[in-house]
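My questions all concern the structure below.
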Amino acid sequence: MNHLIILPILWPLLVALLTMLPPFDQNLLLRRCLSVGGSAVLVLLSVLLVLQSSDTPAQLYQLGNWPAPFGISLLLDQVSSLMLCLTSVLALAASLYASSGEDENGPFFHALLHFQVMGINGAFLTADLFNLFVFFEVLLIASYSLLIHGGGKAKTKAAVHYVILNLVGSAMFLFALALIYGASGTLNMLDLGTKVATLSDTQLQLLQAAVALLLVVFGLKAAVMPLHFWLGNAYSSASPAVAALFAIMTKVGIYSLLRVFAMVLQDAGFVADWVFPVLWWTGLLTIVMGVLGVLASEDLRKMASYLVIVSVGSLVAILSLGTAEAIQALLYYLVHSTLATAALFLLADLIANQRGKAGDRLVNGRKMAQPVLLGTAFIVVALSVVGMPPFSGFIGKLLLLQAVPQGSTMLWYWSFLLGSSLMLLIALSRAGSILFWQVSGSDVEARLAGRRRASALLLLVIASPLLSLFAGPLTAWCQAAAAQLQQIATLSPGAF
Amino acid sequence: MLSLKNWWPTPVRSLFLFLVWLLLNNSVALIHLFFGLLLAWLIPLLIHKFRLIQPGIKKPGAAMAYGLMVMWDIVIANLQVIRLVLGPNKKLRPAFVTVPLDLTDHLAITILASTVSLTPGTVSADVLPLNAEGAEPRFLLLHVLDLADEAELIEQVKQRYEAPLKEIF
Amino acid sequence: MIELLFLVLLPLIGSVVPVLTKSWSRSYSALATAILPAAALAVVLQLAPAIFSGETLFYQMPWVEALGLSLSFRLDGLSLLFALLILCIGLLVILYARYYLAVTDSMARFYGFLMLFMTAMLGIVLSNNLLQLWLFWELTSISSFLLISFWWHRADARSGARMALTITGFGGLALLAGILLIGQVLGSFELDVLLSKADVLQQHSLYPVILILVLLGAFTKSAQFPFHFWLPNAMSAPTPVSAYLHSATMVKAGIFLLARMYPLLAGSDLWFLLVTITGMTTLLVGAYLALFQHDLKGLLAYSTISHLGLITLLLGLDTDLATVAAIFHIINHAIFKASLFMAAGIIDHESGSRDMRKLNGLWQFMPVTATLAMVASASMAGVPLLNGFLSKEMFFAETLHQDVLGALSWLIPVLATVAATLSVAYSARFIHDVFFNGQPKGLPRTPHEPPRYMRVPVEILVALCILVGLAPQYIVGDLLAVASSAALGGPLPQYSLSIWHGVNLPLLMSVMAMTLGILLYSNRKHLFRFQAELPELNPLQLFEQKIKALLNNAQRWHQRFESAELQRYLLWMFLIVVVLLIWPLQQMGQFTRHTAMLPIDALMLAAMLVAIIAAFATVLCQRQRLLALVMISIVGLVVTLIFVRFSAPDLALTQLSVEVVTIVLLMLALFFLPHKISRASNAGRLIRDGAIASVCGVVIGSLSYAMMLEPQQRISDFFLINAKTGGGGYNVVNVILVDFRGFDTLGEITVLGIAALGIFKLLTRLPLFKPSSDAEGRQWALDKHPMLLAVVSQALLPLALLVSVYIFFRGHNLPGGGFVAGLITAIAIILQYVAQGVDWVKQRLTLEYHRLVAAGVLISSLTGAASWLFERPFLTSWFDYFQLPLLGEIELASAIAFDLGVYLTVVGSTLMILANLGKMTTDHRPVHEGQN
Amino acid sequence: MSMTEWLVAILAVAGSLFVLMGSVALVKLPDFYTRLHGPTKATTLGLGALVLASMAYFNFVKGELSMQQLLIALFLFITAPITAHMLIKAALHLKLASAKQTSGRENAEL
Amino acid sequence: MELLVAIIIGVLTCSAVFLILRARTFAVMLGLTMLSYAVNLFIFASGGLKMGAGAVLKATEDYADPLPQALVLTAIVIGFAMTAFLVVLSIRARADLGNDHVDGKLPVAKNTRQGASS
Amino acid sequence: MLTLILQGCFVVVGLALLLNLYAAIRGPSVVDRLLALDTMYINSIALLLLYGIYLGTSLNFEVALLIAMLGFVSTVAVCKFLLRGDIIE
């Protein structure tokens, strides 16, 4: 047994718990060191897991030493290790960024941050559907609490919607799980995958009902049209570090869609019959919704939130193709878009801090105190999210575009994706031009981005050129990951 | 201070807990006796601070007798109440009655009030005076389902229940 | 040839140089900036002989194989020509800009962006991979955006830059689509592979789409009609930028693309039609509009558009000679237009204005510059002995050899002549209106000659105009030849670069254009009057309006969808569920019975009735909130009883204890929420919601029914078999919780703990006040802590703890366990809070609840981690039986430690939630006690 | 059916009937104060009988030692009076009307 | 029996959905609580109904499926945590926003009659 | 026979439950309803005891015990709420 597999869940849990215990709960500095150090260790750990997963076949970790499908299994494959790595980088940036003062705006920030990471990592690792539910709840309750961090009307308002929608979603998840268990008698993903072929007609129909509910549940997490409404207000009102961390949250939904539909149930006829078409069209519409939101945004944070939705739409639509190329493109694009939008959330805050009353609203404001730093970061991030070269965005976009097979599919996807790129180009060039160049009023004392904030920002921003520079090996890696994902689906849990 | 009072503050309560433990486990096996003793000692110690200052039971025998008497009264009371309940509503003579109290101890008053509530056609509504927290209680307000004679009722409560309680505590 | 990579890398590195030399003097900084491009030029010159000898140089390095994107460079004649243009004019612009930029302008930023642009441009012309070409293509858009808005404090600069970016960005995306399609059709993006597959591509059904997409890219970049309008508005850029980007290089990128793709895409009727007509229209429109510009740079910009149209037209004509002419004109135009822009910049710089209505008679003030400008504009007008004349003659010649328009083919030379006429007219205006035509009117300062070295670039370029005009074969012959053959992708046609071809039709056309042009200019007043009556279009304003309209529309639609109304969102959600569920349900059809159903009995019937009535009663009296609470408690109770009825005592226990805590919680909530509210929904909404709710109910009910009728083929036998032997407990449910699926439980208590933290957070600095009376205005009872309750609750405490211990230990073998035990303890303590108040409890209980929570989860986790010591996976359980003297056998199990963690977490969380919530109106408000 | 079983049956029936009586009282009696008497009393006796029935069943019919049911009765005896007390306190606080014939109402109005 | 349970589940779901669609946080809380009842019964039902058959070894002859029971237990606890959070969040929302409408603002009445009623 | 009698008892207690429900719905005051709810808790204990005899198992003993012990907590909480508005003060 490779015990490293479970550490991405237990380590953040431990860090979170320690921050609540003496001496850490009485000393802010210690707590910050623990939190940032803990995130850094997690980064190293997940990099190690990525390396491990790259040269070994997928591994199962049987909790409690019970055999699958009876005990809970964790599955470490390339895809999950990639997601872990992504999460840990965001966690590092978020904890670092928050350590410059944001964490003082309310109690238990660092504990909640690590709980959140624990939940996310758990959702990425688990191969058990009910356990996935549990980790969904962990990450959700942590996100509820993080969302309200700092207080204020906007957060409360957004939180009410976010929480209620997700509670309904959780109930649906449970309905779905019961149906899956009722139909197939198992909760293990791999076991379910192998059992689908043996199910009777009624059982298959029950399973389809579960799948319908799961679509809604994952769609809600991923913010797929028309279940995306919560996102705009929630993300834009959240504290910057929280919003940056939240950039991964929609990806949890997408990851779940990927695991369940492109892996576990990939051979079930109904997936191709109606699940993928549903995802395809809603994905495309999500792009439209996101673009509308981006264009309608009156501040940078909102814009970043809707950029998340645009990326979700692009990803969900490509996911519904279910091919290895599609998954490869999805993986790369997912990493890129998560980091880019996360960076944008941090950047929006830094910009807002230096523009006086105007904040990050797209109106005349004061001249920024650190225009070179922020401007450069903005250009990199904006080019990335629009998908213009030379940063990661264009590689991601090219991968998406090339993954679509010829025919009407291509026509739709290309026009939506390219059309959205143009709209984003218009919106972001406008935003940048207003924020950086439409200057009025005198310089006042601005809150400079200190070392911690700047390095958190740079950590995320630098990822974009790096992803682009090393796109060759990275895409090759994603290709292998996609192939592995599809291959795992054919294995029963006993085959590990 | 290694006094018995510190290490074993409430022997009666401990005994009570010990019995309850055995009842819970439905067994007098050695292991249950052992753990019963352990818990009967530990739990009171643990929540010592939560205990209100109360007098101890002076006469355990009288307490037992009181308990049995209450049991009997409950049976009788219930039969009477059933008759009243099933009869016509018009025949009922409900009333609020105040009973002056000689008891001052909170535990004793509580037991008295509970007893009254558990027995014939009476419910303890309140302990008066209501205001001024901490003031010494003087009256017990009862609601009676069918009041024949107020004085008789008051006398009955005082004689049958309050008197023995005064003895016990 | 790694040198090709250096060609791109040198200016790229060069873009950092000006930033690094920021503190140097302006001249040194400019000099330093020039070093790397100069080195690049040296590299090109060093490689040039090979190209002239007919070689094509390649350099390839893999990058993203999955995309077919490699770093792939080629240097052939066409690339050579463009590389030379880019580097030479670039160097001149660096020199020029040194003097042009004001002291307040950031040279570092300017040169940095300029170098970036140079990199991008070189990248385009050197690309052998189409995707890579596109990459650099977009980079030119970006760097040009940054350069146009160099003076970002000016609104027109910002606007113009965005407009340019939007248009070229649009074209770029189209180009990308075209390139990707080419890749899909031909299976490669490498030009050397593609260029030989023209016939395959042109046979393909996607060819028209590809062609249109690629042309969109080229036309937008080269400001072809109807995408031309961004170019004049890009003139708010500093003049060196205009000279470099908007005359010599970037706008030529589109032309370059046409030339580059010429062997692959050209040759079809569609190509001819699209390119010719666009080119011709642009040529005419540009020339016509140029005439009416009052802004010096505006005139040059439209003239550029017109000349770009001319080159496009030549490429569209689709004869080899026309292509040669196009290449030749690319060279000539770059030379004379760059020098004209620089001259215009000098005039602007030294006189403070670009308005030709103010600029008059500058000849007296800056004779040298005036001479240079006049030569250059003569070249633009196509005056003999200058380079412009030569390529124009070739153009005229080519227009005469067309028969593609059939009977209308005569139109082409006629229109060409018209365009040339206009070109002569605006060139004449440039010369006459600026340098002669009386005295300057209201210039900000008295014009004079520029600094010596500012004029040098102009002088060099004008010298080239003359030299090429006089000795074309000698100066550019070889270059033109290799470039043309590269563009044609085949052998060169016969042509001669001599000044004199005898009296022929093209010459006649030239003469006619000259005469008419001068005439036109001298009678310009009529024309100007006519033009003044036409409605004036301000593209910049129009662009901003369009963008505004786009944003407004987006906002309107956005708000239509995102109304910020939760009820609508929820409705959507339920609707989707129903819609998605109807599919499988409808397939299910008749319920088939696989297992014997349990017989219905009266009690269950009664329970069902109670549940249904109570549920509906909850709905009906949801506005009388206390009542609704009572009703929902009844539902909860029935659910508990159902669990008992169907053999799930553990569930009943848990449900019951949770129920109690929930009720207390909701009561607390009620205190802070309105107790009664009036009806808010109208009948229509009620019916709608009722309908959707009913459908949901029917769907879920049917699904549950179908599910219960399904035969059982579950994994549960494993649990029954292994619970005792492997998990050490008789209560299988509990063994699942603490062992088989202990990981779920760990997650579950974590959730509970986090919820407690979150609630604490919510309560921090919560602005609440206790109302002095209830909803009916009744004063509160005075008795805070009823005596009887106080006495009984403290008597219950030890009992409850005892029961907790009992339930805790029994859990492994019988219904119970840490969770229920924890809730019992917590409820008992909460009862103390209720009965005695916060202060009383706080004096007696000095626990930090969050530490209790953390300790609980930590204990459970450490129990799980302990299995690592035995090299077993996390949460592997351990148990054994021990014989104790007298007491008999007892079982010790790791599950107990795990459950202890559960217990502590539950106690800690529940108390943290309830006690803190309860404390809201006392002095012990949760405050920010150093815990972050 | 053995004697013990009859004993169980009688206790069970009696208990159930008492329970029913309590609920009947709840529905039938005229005001809150009188209604309170029904359930709080009848249910205690009803449950008492049922507890005895259960004990009789397990101890005599099934022959297992089982006294734990007593605890249920114990807890009820402790909590039921407090419930009643709190309820009537609340009712008095809310000034719920009592039946016409109630005497001594003034005692409760303080 | 299965039918009865199915009906209960259906009715609970129906009531829950209706309540969740109300405009005030308290009604939504009630609805979510009700929905969790329905969900718990639903999960429970996925193991099939058994009477007189516990999941305690040796206590009965026939055994019920223990797994759904364990799942329901987890679901109950998680549901409790979530409900608690929502309850306090609603309090916070009332305090911050001044009303208990789920959108944080009372709808503007379209006509006077409606305005008077809400 | 005993089984039959017990089933009869179920009917009786079931009837009691329905009566409670009626009382809970009729009210008229909140306290009335609360009383009905409390009665329902106690009747449920009765039901559990009968069920225990019926099945011959004591597995449900704890449930009954808990209802007896905890059922009153929520009733008390509501009363406290009615009296003071605030439950914990």
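A, B, C, D, E and F are the chain letters, set down in written order, and residue numbers restart from 1 in every chain.
Here, contacts are C-beta pairs under 8 Å (C-beta built on N, C-alpha and C of every residue); 3 or more make two chains touch, one makes a residue touch a chain.
Keep in mind it's a predicted model, so treat the numbers as computed, not measured.
> Pick the pair with more C-beta contacts: E-F or D-F?
By number of C-beta pairs in contact, D-F is the larger.
> Which chain's mean C-alpha position is the greatest distance from chain A's?
B
> What chain is the most remote from chain C, judged by the mean position of CA atoms in each chain?
B
> Averaged over CA atoms, how far is the centre of chain B from the centre of chain F? Could you give it in whole Å?
23
> Measuring centre to centre with CA averages, how many angstrom lie between chain C and chain F?
Chain centres of chain C and chain F, defined by C-alpha means, are spaced 61 Å apart.
> With centres defined as the mean C-alpha position, give me the chain A-chain F separation in Å.
Result: the chain centres lie 48 Å from each other.
> Centroid from C-alpha atoms only, then distance chain B to chain D, rounded to Å. What do you get?
Chain B and chain D have C-alpha centres separated by 17 Å.
> Of all residues in chain E, which are in touch with two or more distinct other chains?
Residues 20, 25, 38, 42, 45-47, 52, 54, 56, 59-60, 67, 74, 78-79, 81-82, 85, 89-90, 92, 96, 102-103.
> What are the residues of chain A that contact at least two other chains?
130, 134, 137, 141, 144-145, 148, 160-161, 164, 168, 175, 178-179, 181-182
> Can you list the residues of chain B that touch 2 or more other chains?
Each of 20, 24-26, 113-114, 124, 130 in chain B touches at least two other chains.
> What graph shape do the protein chains here make by touch: line, ring, star, complete or other?
other
> Go ahead and list every pair of chains that touch.
A-C, A-E, B-C, B-D, C-D, C-E, C-F, D-F, E-F
> Touching chain C in the complex: which residues of chain A?
1, 3, 6, 10, 13-14, 17-18, 20-22, 25-26, 28, 31, 61-66, 69-72, 103-104, 106-112, 115, 118, 122, 130-131, 134-135, 137-138, 141-142, 144-145, 148-149, 151, 160-161, 164-165, 168-169, 172, 175, 178-179, 181-183, 185-186, 202-203, 205-206, 208-209, 211-213, 215-216, 219-220, 226-227, 229-230, 232-233, 274, 278, 289, 291-293, 295-296, 328, 379, 383, 388-390, 394-395, 398-399, 401-402, 406, 414, 418, 421-422, 425-426, 429-430, 433, 436-439, 471-472, 475-476, 478-479
> Which of the residues in chain D come into contact with chain F in the complex?
Listed in rising order, the residues of chain D that touch chain F are 1, 5, 8-9, 12-13, 15-17, 19-20, 22-24, 26-27, 32, 35-36, 39, 43, 46-47, 50-51, 53-54, 57-58, 62, 66, 68-69, 71-72, 75-76, 79-80, 82-83, 86-87, 89-91, 93-94, 96.
> Can you check the complex and tell me which residues of chain B touch chain D?
Residue list for chain B touching chain D: 20, 23-27, 74-75, 77-78, 81-82, 84-86, 89-90, 92-98, 113-118, 121, 123-126, 128-130, 141, 143, 145, 147, 150.
> Which positions of chain C touch chain D when the two form their complex?
Per the stated touch rule, the residues are 778, 781, 783, 786, 788-789, 792, 795-796, 799.
> Hey, which residues of chain E end up touching chain A in the complex?
For chain E paired with chain A, touching residues are 20, 25, 28, 32, 35-36, 38-39, 42-43, 45-47, 67-68, 71, 74-75, 78-79, 81-82, 85-86, 89-90, 92-93, 96-97, 102-104.
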